[in-house]
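Here the chain labels run A, B, C and D in written order, and each chain numbers its own residues starting at 1.
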Amino acid sequence: MRELTYAEALREGLRQAMRADARVFVMGEDVGIYGGAFGVTNGMLEEFGAERIIDTPISEAVIAGACIGAALTGMRPVGEIQFMDFVTLSMEQLVLQAAKIRYMFGGKASVPMVLRMPGGSGTGAAAQHSESLENWFVNVPGLKVVMPSTPYDAKGLLLAAIDDPNPVIFIEHKLLYKTKGPVPEEAYRVPLSQSVVVRPGAHVTVVATSIMVPRALEAATTLAGEGIELEVVDPRTLAPLDAGPIIASARKTGKVLVVHEAPERGGFGGEVVACIAASEAFDFLEAPIRRLAGLDVPIPYNRNLERAAVPQVEDIVREARRLARGEY
Amino acid sequence: MIHSDAHLRRMMLIRAFEEKAEELYALGRVHGTMHLSIGQEATAVGMGTAMREGDYLLNTHRGHGHCLAWFGSDVRLMMAEFMGRETGYCRGRGGSMHIANVDANNLGANGIVGGGLPMAAGVGLSIKMRKTDQVGVVVFGDGANNEGAFHESVNLASIWKLPVIYLCENNQYAMSMAIRKSSNIADISQRASAYGIRGVTVDGNDLAAVHDVMAEAAAQCRAGEGPVLVEAKTYRWRGHSKSDRQLYRTREEVLDWQKRDPIPRYSKVLGYDEARLEALRKDVQAEIEAAVSFAESSPEPEVSAILEGVYA
Amino acid sequence: MRELTYAEALREGLRQAMRADARVFVMGEDVGIYGGAFGVTNGMLEEFGAERIIDTPISEAVIAGACIGAALTGMRPVGEIQFMDFVTLSMEQLVLQAAKIRYMFGGKASVPMVLRMPGGSGTGAAAQHSESLENWFVNVPGLKVVMPSTPYDAKGLLLAAIDDPNPVIFIEHKLLYKTKGPVPEEAYRVPLSQSVVVRPGAHVTVVATSIMVPRALEAATTLAGEGIELEVVDPRTLAPLDAGPIIASARKTGKVLVVHEAPERGGFGGEVVACIAASEAFDFLEAPIRRLAGLDVPIPYNRNLERAAVPQVEDIVREARRLARGEY
Amino acid sequence: MIHSDAHLRRMMLIRAFEEKAEELYALGRVHGTMHLSIGQEATAVGMGTAMREGDYLLNTHRGHGHCLAWFGSDVRLMMAEFMGRETGYCRGRGGSMHIANVDANNLGANGIVGGGLPMAAGVGLSIKMRKTDQVGVVVFGDGANNEGAFHESVNLASIWKLPVIYLCENNQYAMSMAIRKSSNIADISQRASAYGIRGVTVDGNDLAAVHDVMAEAAAQCRAGEGPVLVEAKTYRWRGHSKSDRQLYRTREEVLDWQKRDPIPRYSKVLGYDEARLEALRKDVQAEIEAAVSFAESSPEPEVSAILEGVYA
């Protein structure tokens, strides 16, 4: 199959959605002629014009709010927050309005919007441009939270998110934009709330999100050489979470490592662990459930510190190996 | 404005609704909190009568009046919502601060001060993209005017010439904070100049004046000439909410404003005498009592349905 | 000992801090003549004047920012956000500035501030006035997160928070303001990051926060009548968390119920479960670790729905009983 | 302003620092991103020379210049920070976007557009409460001016008469967004009227003009007369950051602004000929090379110390 980068896959998804439905439009800072800070909307201005690829002033609260207002009145906005960090300025609109409007109004209103934003560290942009805030949104009933880890999922989940009648927080990863993978040409959907086993294995379950999925797969390759088989599970949609495949895998391997980039404390890993620890998998656990996550530190500028602040392939290898060997 | 008995009746219905709400609250028959707009009815009705069916409303927390002044409003469904019943506008999930009538493009009251402002820009954008001649009205208070959301929203509407009327109800206070302490300008409408748009201050207790200013603003919006900031100066007679001891203002000030009651003022314009006014009052009260009966005979939501509507 | 309400205890703590240190001041919406939306600062304007009990316009971003700026330059601000919900408007300043300044500046700057805010439901104020967002802050390295459950802790933790050289998010509960308890007159401190066993018991560990502590204690009284002894642990400071007493208790009882008001999904309960599931207590667990938390729903207005949305005493009784009886 | 060779040298040092930064970046010797203020040096130095030691600075992401123009700045520590070394201002934890010199009341650059604005009000409040005659300066861009934070902060400073100078560097663009598209007014300083404060627009490429406006603003602040909004009109020569293809502006426009280079302009005021200017340039470049050597011979932070400084 044809290969695209993650950024290209997203762009293709956006294009297809916009061609198919005149209600879909893109709005954000520098999404037009600039093509977006990470180039995702590159060239889209030419095809769709400034009325559907809309550059906004630097006003994150109103970017979110404008998406909500437009969604409430018949449009299908796809907003972009230039870096996930800046969504801290949009929280009131997202959490107190978008997430609650349907429920507060007795189910009579709908906010079909997608808000895209790149999260994560690794670009040397330091503490204010490296946030991984996904678990905030997971904690907000009414929102859906998506984090694709491959070009294939990026396109398919984006199209599904745009179809979805609920507000969807769509979290991309800066380091994934240039990664390549097979992407079909047609406008396929990857259903929301479907976790997937991306690599089967007998010994240790690794539940990983976003950039940690390719890292876990790399770790799995390394460990396979040692006879340790990792089963890698990618939730893809963090909320509402499809816990079934995670629990089934935990039950099968009896050993679980949860890996994410966000700081461990209060992160999404706790949610995954708690789902497993309360489930029927509990009786099959052979070792403590371990988390491997970002250190509880603002992302440092220095390259070495930045790298050390979040899980790398070798960290996953080390932790999974210990679990497999019964060292916990 | 073409004067009409219906306008007077509408103001009186709002007044009666809120007086009843207050009473129900005092009797412990509703819980939660509520914000009464008694004394401010002319702004709500002046706004409502100036807009067209199909326009959009984004309302404030002090929004009973605007909701009742909006197209197709049904006081029974409002009362039922206020009393938390399944038959209410929001099936009892929203309550006083969140009454919406989505079918009539009333996109709801808002518990967040300034919460409707960012969304208003999106409503305007949507109208522009869909190329209809609708207008969006967002109502907010003098306090809300100091939220960052105001700045971002008005700026956006200004540069994109969105058909949005920013209606600031300056009732002089935000809870205990007097507008003269929370901002350094004489009229909130002056802020329009920071965005290169038109700003107007109007007597918010004069129904016809509010109507005319709003109608003109709506016409400007429909002509594609962009947003307008309207400031309606008025006064809240009651405390901010249930628990307000009102230490921040004097009794005299309140009494002084009560002399400018918009209801007798407009009834004089219509040439009503006390008897006719009293008859109307009775009529309106009967409607309110019927609404209470409707609400009280309505079921409460089923607890088992609690998760319904979180997602579509 | 003398009894005070939770609100009075907070007020006494504030007064004592302000008397002892001219750098301490209070700032927020309606904290002056109005006395605060929940009366906590009632009467303080008279003692300290408008220069130290400062009413602000409705501008939550700048309330947080002004605290940070003042803290950076030698003051000790105690800000108030009128309802926790509105802190959604302050997130950029709290998360990207307050929490990170010390670290980003190489440890050379300090942000000694406290931001008080009431969380929780139960007053009939519906979805936009009932948030329980504590786990957002737990997920932010650089912040401390405190949630007192008694008048005693309210005062002692507040004084400790004001002393602390780090930014502290201080979360009160609306329904606790009128609860009474013994409060010493002197300006005592309850150290941050000290979990406490508030009731010892042999059969089930209940880890509860804020209002769920008194509810858990009530449940414990009920179950004691059935011969089931709950051990109730109150973390008091959620971040940095003192996990020791929680793990020790889990190890002792082998059965754990984590109770909080915030929505279960992505909530602080996951953090507690994950700390236990990865610890030496794992080998002593006799049952799945259970969470009992708010439903994943915006808080509804209707009284019955509102009550059903978050754990009540009878829910804790039911869940703890099942755990004790081995029904999980 | 009293003219001085030191001012010229300072502008040239900033220029040289940033040209070196660009070079190091191109060579892959630094990572991350950076924002160059080449062409805007007069604003930074005009600001720095107008303030007093003890005043506070809250800086932007495009802040190398202001940092170097601030009291006690050490270009070696800046370079070391830029290169992520333990000897840098922030021990290598901050980088280009977060350089601070807290000892000198330089409270740091900010990666968040408008991020310094809310804090600036707190700095002003603190000065007022401590009853010193300090002043706080917050620097932000034309783009930042559309953030809600601007509105909330200026309003607060206005009502409390806080000693804060809001220095908006209008370099015409926020990334690809031209100011004429992101706001509907001719001068950003017009926004002062929405808060009842003084607003001034100044030629940001004229060092003396910037100095004089800032000195006057500082005097007003010290006199307790409240905040001032200063808009300095200038132009960014380089792209927004490393990855900018600059499709949003013409080459002519850039060239046109380059003719207004503040450095030769001020050197003429001082009566420099090309030879003297060249000598100064060499001198400044030597200082920059020394800074690079200092940085490169400095250790990187120990990975084991990664958690140091998260909490006190």
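We adopt the following convention: a residue touches a chain if its C-beta (ideal position, glycine included) is under 8 Å from a C-beta of that chain, and two chains touch if they have at least 3 such contacts.
If you're wondering where the values come from, they're calculated on a predicted model, not measured in any experiment.
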item: Neighbouring chains common to chain A and chain B, by label; value: C, D
item: Centroid distance [mean C-alpha coordinates] between chain D and chain B, Å; value: 45
item: Distance between chain centroids, defined by C-alpha means - chain A, chain D (Å); value: 36
item: Centre-to-centre distance between chain D and chain C (centres being mean Cα positions), rounded to whole Å; value: 40
item: For chain C, residues contacting two or more additional chains; value: 56-57, 59, 61-62, 85-86, 89, 92, 96, 103-104, 126-128, 141-142, 240, 295-298, 300
item: Set of chain B residues in contact with two or more other chains; value: 90, 92-94, 98, 110-112, 115, 146-149, 152, 155, 159, 181-183, 310
item: Arrangement of touching chains [line / ring / star / complete / other]; value: complete
item: Contacting residues of chain D [partner chain B, same complex]; value: 146-152, 155, 158-159, 181-185, 190-191, 193-197
item: Of chain A, residues touching chain B in the complex; value: 25, 51-52, 54, 56-57, 59, 61-62, 64-75, 77, 92-93, 96-97, 101-110, 141-142, 144, 164-166, 240
item: Chain B - residues contacting chain C, complex; value: 31-33, 84-85, 90, 92-95, 97-98, 110-115, 143-144, 146-148, 174-177, 181-183, 243-245, 247-248, 300-301, 303, 306-307, 310
item: Chain A residues touching chain C - in the complex, by the definition given at the top; value: 85-86, 88-89, 91-92, 95-96, 99-100, 103-104, 126-128, 131, 133, 135-142, 239-241, 258, 262-263, 265-274, 276-279, 282, 285, 287-291, 295-298, 300, 328
item: Contact footprint of chain B on chain C as seen in their complex; value: 29-30, 32-34, 37, 55-62, 85-86, 89, 123-129, 295-298, 300-305, 308-309
